[in-house]
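In what comes next, chain A is part of two complexes: it sits with chain B in the first one and with chain C in the second one.
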Partner chain A sequence: MVIEISCEEVWREISNYLENDVSPELRARLEVHFKGCGHCTAVLKGAGNVVQLIKAGTVFDLPDGFSNRLYKRLQDRLATKKHKRRNY
Partner chain B sequence: MRAPVCTRVLQRGIEGPILAVTKPQVEVSEAALIERVAAGDTGAFYELVSPCERALFLAARGILGNDADAEEIAQEAVLKAFSSLRRFRRESKFCTWVIQIALNEARMRLRKERRTLYESLDQSRGEEEGDYVPRDFADWREIPLEALQRKELREALDRAIASLAPKYREVLVLRDMEGLSIADTARVLGITEVSVKTRLLRARLQVRDALAPGIDGSWSVGTTGYKKVRPW
Partner chain C sequence: MDDIYAINATKAEFREGYNTGDVDRLLSVFADGFADLSAGVPSFFGEEAKSVLRSRTVNLFQKYRVMLVVTIMSIRVVHNTAYDFGWHTLALVPHQGGNPITTRRRYFERWRKGNDAKWRIELFIDNPDVPPAMPDDEIDLPTIYLQSSQQ
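So, the complex of A and B:
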């Protein structure tokens, strides 16, 4: 028999549920709750979609020329170091 | 003996530096690259940093919220990593270590500028240490794949993440954006795994609350408002 769980408890565990980081017993209780609670199901879907959106990796792109500018700055630093060593 | 990478970069390309010499066939391990840098092969440092570029930029951008500052911080982090490489204890991957440096630099930048832009989404919604109560919106419709590409959706997500308090934004960036494990996220931030999980929950729910009504009121084009699941 699956023990009921409150919405407040569900909200506390939703992120862990998405991470697959809940015990089998807790998972069963959550899934029974989701079947009967539209609000918590909406919260679960919403949080899951947030994770998918962020992980999609299409949200933030590297600015054009990022690598070039980074390596230029590193080159300049290396050149400064060498120059200092020679003039020491 | 091969010349360092820096002397082999002949021209700028759209995608990045174009090397005059092709990469070695054999995959060079992180440890081997670090040894080469320690032995004076500064070009090997480029090879260490290259796989971390995107992660560095994302971490800094997640905290600071704009491209220009994020790029500057990413550069600062790389320079700092180069200067402090002998202090890298190899308890984590090199990229994880540099991300940690970038996070610290980003935090210092925020403190220095005393920004108030990044307030938490709604300070009154639950105590900081108590339970977060997610808003009661109607079912979030499945987001079609083509919608994920929409500029408006990206901008809405950008705003939602930027509105988080820094400590929630940081865990979201590291766990969901960078894909670090809970354990690595805890290590980078210097907090417990329990704290990571608690903050991650709050971050995800707050972003969900910010996005759930949709960009123009609902996710379906043409509909307005949203239907409450319950009557209150």
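So, the complex of A and C:
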């Protein structure tokens, strides 16, 4: 018998469900809930779409020179941390 | 078993009680002397409530095969009391053939954890769900009261 699950619990578990990080029992409870709950199914589809968009790297074009600026900023941040640690 | 899971499990018993046509299984979910404020029927309290519910469901299962889908929106537990609300989508398929009747009701339940650590429903109230609408399209309150007084 599949145990009921509330919408609030479903929302907490949606990202785990999408990442296949739920137990078989919880998966069954979620899937039964999605069949009967249009609202949670919409939330699931929305979350799934966001994951698809982020996975598709071509969707987000980075501006020119972004990588260089990011690399430089990380180097500066690391250098500052090392400097602080030495002074401590 | 935590309380939320236990209530979900008991609610699954409620669902299966309907879906298997098992009156005792359904009634086991309700506390003795619960308050039944179901829509469209008179309210019953105390010892009478359970016997009336038994009579109603025996009658229902004789005429229809019931398919219930429960959608619990939220469960809140406060010590030995809990509250939940959501929807019951009920399909009644006549044993003698004919079109199924489908209803969707929004419900609220108050639960009590007994000395045996089991959760049971001690208050049940529901009313027919209404399709979602934009605020401007809502029906005027007096119209709703007129409709319900004609039932």
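What we mean here is this: the second predicted complex is superposed on the first by the 61 of 88 C-alpha atoms of A that agree within 3 Å, B and C clash if a C-alpha of one lies under 4 Å from a C-alpha of the other, contacts with A are read in each partner's own complex, and residues count from 1 in each chain.
By definition in this document, a residue touches a chain if its C-beta (ideal position, glycine included) is under 8 Å from a C-beta of that chain, and two chains touch if they have at least 3 such contacts.
These numbers were taken from a predicted model, which means no experiment stands behind them.
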| item | value |
| --- | --- |
| Which of chain B and chain C A:Arg73 touches, first, second, both or neither | first |
| Chain B versus chain C as contact partner of A:Val43, first or second or both or neither | first |
| Which of chain B and chain C A:Leu62 touches, first, second, both or neither | first |
| Which of chain B and chain C A:Glu8 touches, first, second, both or neither | both |
| Which superposed partner A:His33 touches (first chain B, second chain C, both, neither) | second |
| Touching partner for A:Leu53 - first (chain B), second (chain C), both, neither | first |
| Chain A: partner with more touched residues, chain B or chain C | B |
| Chain B and chain C contact sites that coincide on chain A, given as residue numbers | 8 |
| Sites on chain A touched by chain B in the complex | 8, 11-12, 14-16, 18-19, 21, 38-39, 41-43, 45-47, 49-56, 58-60, 62-71, 73-75, 77-78 |
| Chain C to chain A touching residues, read off their complex | 4-5, 8-9, 11-12, 15-16, 69-75, 84, 86, 89 |
| Sites on chain B touched by chain A in the complex | 6, 9, 12-17, 42, 45-46, 49-50, 53-54, 57-58, 61, 67, 71, 74-75, 78-79, 82, 131-134, 136-140, 142-143, 148-149, 153-154, 157-158, 161, 172, 176-177, 179, 182, 197, 200-201, 204-205, 207-209, 211-212, 229-230 |
| Contact footprint of chain C on chain A as seen in their complex | 1-9, 29, 33, 35-37 |
